[in-house]
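Next come two complexes built around chain A: one with chain B, the other with chain C.
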Partner chain A sequence: MKRSIYINGIGAVTAQGVWRADFFVESHPLQHAVNAVQQPSYKELISPAMARRMSRGIKMGIYAAQQALDEAHITIPDAIITGTGLGCSEDSEKFLRNVLDNEEQFLTPTAFIQSTHNTVAAQIALRLGCKGYNFTYVNRSVSFESAVLDALMQLHDGEASSILVGAVDEISDHTARLLQLIGYIKPSDVHETVKESKSPGANYAESATFFTLSQEKTAQSYCEILDLCLQNKVSQSELPTFVDKFLKKNGLQLQDIDALVLGYSGDSDFDGWYEQAEQLFDATVSLYYKHLVGQCDTSSAFGLAMAAQFVSDQAIPETAQYNTTTLDRPLKNVLLYNQFRGEDHSLVLVRSC
Partner chain B sequence: MQQPNNIIYKIEMAELKEELKGKIIEVLNLEDIAVADIADSDPLFGEGLGLDSIDALELIVLMDKEYGIKLSDPKQGKSIFQSIDTMAAYIAENRTK
Partner chain C sequence: MAGAGVAITGIGIISSIGKTMEESQQALLSGTHGISRIEHVDTKLRDNIWVGEIKYSNAELADLLKLPAGHNYTRTAMLGCYAAQAAVASLGSCDMDAYKTGLISSTSVGGMDYTERYFYKYLEDPALHPYISTHDAGDSSHKIADYLGIQGLVTTISTACSSAANAIMMGARLIKHGRLDRVIVGGTDALSKFTINGFNTLMILSDELCQPFDQDRKGLNLGEAAAYLVLESEEVVRKENRKPLAYLAGYGNANDAFHQTASSDNGEGAFLAMEKAFTVAGLSASAIDYINAHGTATPNNDLSEGRALQRIFSDDMPLFSSTKAFTGHTLAAAAAIEAVFCIVALQQQIVFPNLNFKTQMEELDCSPQTEARPAQLEHVLSNSFGFGGNCSSLIFSKA
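Entry: the complex of A and B
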């Protein structure tokens, strides 16, 4: 029998600050092309001796992970699974710059050690003393969803009872410049919010979002994760079949979805997929989140955090609402849809518990 | 080699120690530590600055890159990296740049 899987804890470090009760009240749409996170103080969690070798991504990951564990009252999870698109790009750049500047001489170990994609999950485990399964998925814009899929399978099979799952992507200067050159990030002189956007590219931001997933429903449980599916290529004309097949697999129809969380990024070339999804669910509330936390390969993790919060609260703040449809029924089933530049499509289904 | 009792030598050594402290803080990213916080005789490893084995590798690279000193015998490191005093004395004796 398929077990129920619950989100029992959430943590995040974003451009709007850390995960907190009034997150959506205090948040404002991002207008800059590149946005750094609002850093919390890490001194309470990370000793200065450890922190001096850590890039922002590692610190953000440790902070968000601890928030998620604290909320769930879990000290050491059975497994730690993360997803990242570009990994610790700051240290990767530092190491490669040293290689070039010093003509392959004088290479020091620190930046290389910290540049690997699985560093964040490893540092979280080292800090917690967690010797369980530790894995990092690097599958561009379905990196986080791949991590969740792994966690769901392990929890369904009973191989673990609580798993820390998360996503981290940091922004480093050179990588951001390259992403701007190829049009993934909007030019620096363009200041558009996601909703106002009429241009290609997206406003990027770094972020870390973590969840404690468990078989056990607790007083802290936000919601249940029912199912998830990934597909690399889905054309706009194939989208209705992709969605319909997923819902049918879970015994649902379009009208059973009470809210739709869409990954609108303000990229005029690729937001058409979301418009197509909205047309499918024409009488359903549609929500968005990348106007608050920006685009990165794993920003969809924040979409899940947002959906979980709203399902738990049974309320939708105005700042997250994309269309004008008002919610006139309990928020039971919420469907999340994300894609990146027309590829890496993912659907995640959550339900109130 | 300059004589230890030479006043110029003493000034150069003081400057070298200050420079060395600055480079160590920068290379090892010692947050919240200033040059003035490091005494010349403080142990660099264990007590004192509390550096570890990865830092030792960083210091070996620093000696090579900044002063042209290649430490081929790892056993030498223990005595050379005892303190700023010992590092500066070794650099003054062996630097090639």
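Entry: the complex of A and C
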């Protein structure tokens, strides 16, 4: 018999600051092509000597992970599973520059050591002394969802009772320039919000979002995660079947979904998938979040945090509302849909608890 | 999953000891290694290091795969496509749409082989731009899925040198949970200037042929490879009349939580990973007939792993060897090629030698197997450990 799985803790470091009660009240839509993350002070978690050697991604990951654990009152989880699209981009770039600029001489290992994709998960484990299962998924916009899928299977089986699952992506300078060259990121002189956007490319920002998932429902539980699915390719015409099959598998119909959380990124070439998804549902509230936290391979993790918060509050702040439909019923079932440039599609289903 | 475990019905491999199963097997049996000086990576270290390099240029690989002109396949992607295609071909028949089919791949270097070539040139030459999007680790997985015609669950794992073991583990979980009927699992990594220099700064590259588990070992030889297994559900095995090559009986992953790159003295993570694998397989340590060790030939790994093995097996150490002296350490692909070697060992009832071994380590009471020899093998264990304290163990059982 499958056990229920709950989100019992959330943590995040984003362009709007860290995860907190007033997050959505205090947030403003991003307008730049590349947006800086509002970093907290790491002093209480990381010694200054260590912090100096760590990239932003590692520090953001450690902070968000600790927030998620603290909220759930978990000291050491049974497993740590992370997702990242580009991994430790800053250290990779630093080491590569050193190799190229110094013609393979005078190199030091620190940046190389920290360049491996599993560095954040490993550093969290090292900090906590967590000897459990430790995985890192790296597959563009389903990196985080792959981590959640892995966690769901282990929690369903009872192999683990609480799992720290998270996502982190940092953006290094050169990589950002290259992503602008191929149109993934909007040009620097374009200043559009997701809703105003008429151009290709997205506004990017770094972020880290972590969750404590558990078999146990507690006073802190935000919501239940019912299921998720991933697929490398789904055409716009295949989307209705993709959604329908997933809902049916979970004993639901389109009208059972009380709100949609969509990955609208303001990329005029690829937001069509979300418009298509909205059309499937008749008069259902649609929400978005990348206007606040920006696009990166794992920003969809923040979408899950947002959904969990709203389901828990049974309220939707205006800033997150995409369409004009107002919520006229309890927020029970929420469906999240994300894709990146028409690939790596994911559906996640959460329910109030 | 009652019974033996998850069925392995197909395998494919390319490494410096061969581009087919037959070539690989021949090399292992005859003790012929694939270590040489590097030809296809432009590095100043070429005369200081030995590598397990696949002697095909990128253009030759593209021809083998019949890629169209103007493709943007990195070397990592091409090696992956080659091995994954071979794994699927070994099934005989395989209709990708007939069952829920997925791909769990792994890589550590991803598209770094092209990024390091064009990093600055990208800014000046738009003709190179198609390679920009190949940098991330997911790119090679997408290319492999497209090459094989897979539409479904496709994802990638990157946990340094244990990556492919973890991809195999995730694949088995997806089959057990009925989320997939068939999954292609494994890893691919090409040699790159980035990784060569990285390992060089850590001072763990040997300037000679590597000597796993030898008292005088000087470090590792890097290599490149790709290998994939096809895992299929009981239902597919029955419906398609498959003859499984072997079963994946157990798996375990644990974290050493000791240091970002070094392993703990007592091999705690390795010990825990092996214990978990025994639990999943429902086997005791005494059931293991052969261990394909991680055995990178660095002073640190072999001591830590050796101690963990002695903690698990005490006085009853099974035959063991590291095959890294044949192929070099192929990083994210290592656990996949070694899984293939374990399956061949089970099929042929033969243990492969640990080349270049001369002197037993003074800290250990055991030595690896140095000659290919017939042995009765029911269950074999394969270890893979990576940076970040990542420790994985897989148990394969005879079909």
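Definition applied: the second predicted complex is superposed on the first by the 353 of 353 C-alpha atoms of A that agree within 3 Å, B and C clash if a C-alpha of one lies under 4 Å from a C-alpha of the other, contacts with A are read in each partner's own complex, and residues count from 1 in each chain.
Keep in mind that, in the parts below, a residue touches a chain if its C-beta (ideal position, glycine included) is under 8 Å from a C-beta of that chain, and two chains touch if they have at least 3 such contacts.
In this text, all values refer to a predicted model and were calculated from it rather than measured experimentally.
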Contacts of A:181 with chain B and chain C, given as first, second, both or neither: second
Touched chain A residues, chain B compared with chain C: C
Which superposed partner A:130 touches (first chain B, second chain C, both, neither): second
Which of chain B and chain C A:115 touches, first, second, both or neither: second
Partner chain in contact with A:288 - chain B first, chain C second, else both or neither: neither
Which superposed partner A:140 touches (first chain B, second chain C, both, neither): second
Contacts of A:53 with chain B and chain C, given as first, second, both or neither: first
Partner chain in contact with A:343 - chain B first, chain C second, else both or neither: second
Chain B versus chain C as contact partner of A:99, first or second or both or neither: second
Touching both chain B and chain C, residues of chain A: 105, 107-109, 113
Residue ranges of chain B touching chain A (in the complex, touch as defined): 27-32, 50, 52, 54, 57-58, 61, 64-65
Residue ranges of chain C touching chain A (in the complex, touch as defined): 43-45, 108, 110, 112, 115-116, 119-120, 122-123, 126, 129, 132-133, 135-138, 141-142, 145, 150-160, 166, 170, 173-174, 177, 179, 193-194, 197-198, 200-202, 253-261, 268-269, 272, 386-390
Chain A to chain B touching residues, read off their complex: 48-49, 51-53, 102, 105-110, 113
Chain C contact footprint on chain A (complex, rising order): 80, 85-87, 92, 95-97, 99-100, 103-105, 107-109, 112-119, 121-123, 125-126, 128-140, 142-143, 146, 149-150, 153-154, 156-157, 174-175, 177-179, 181-182, 184, 229-233, 297, 343-344
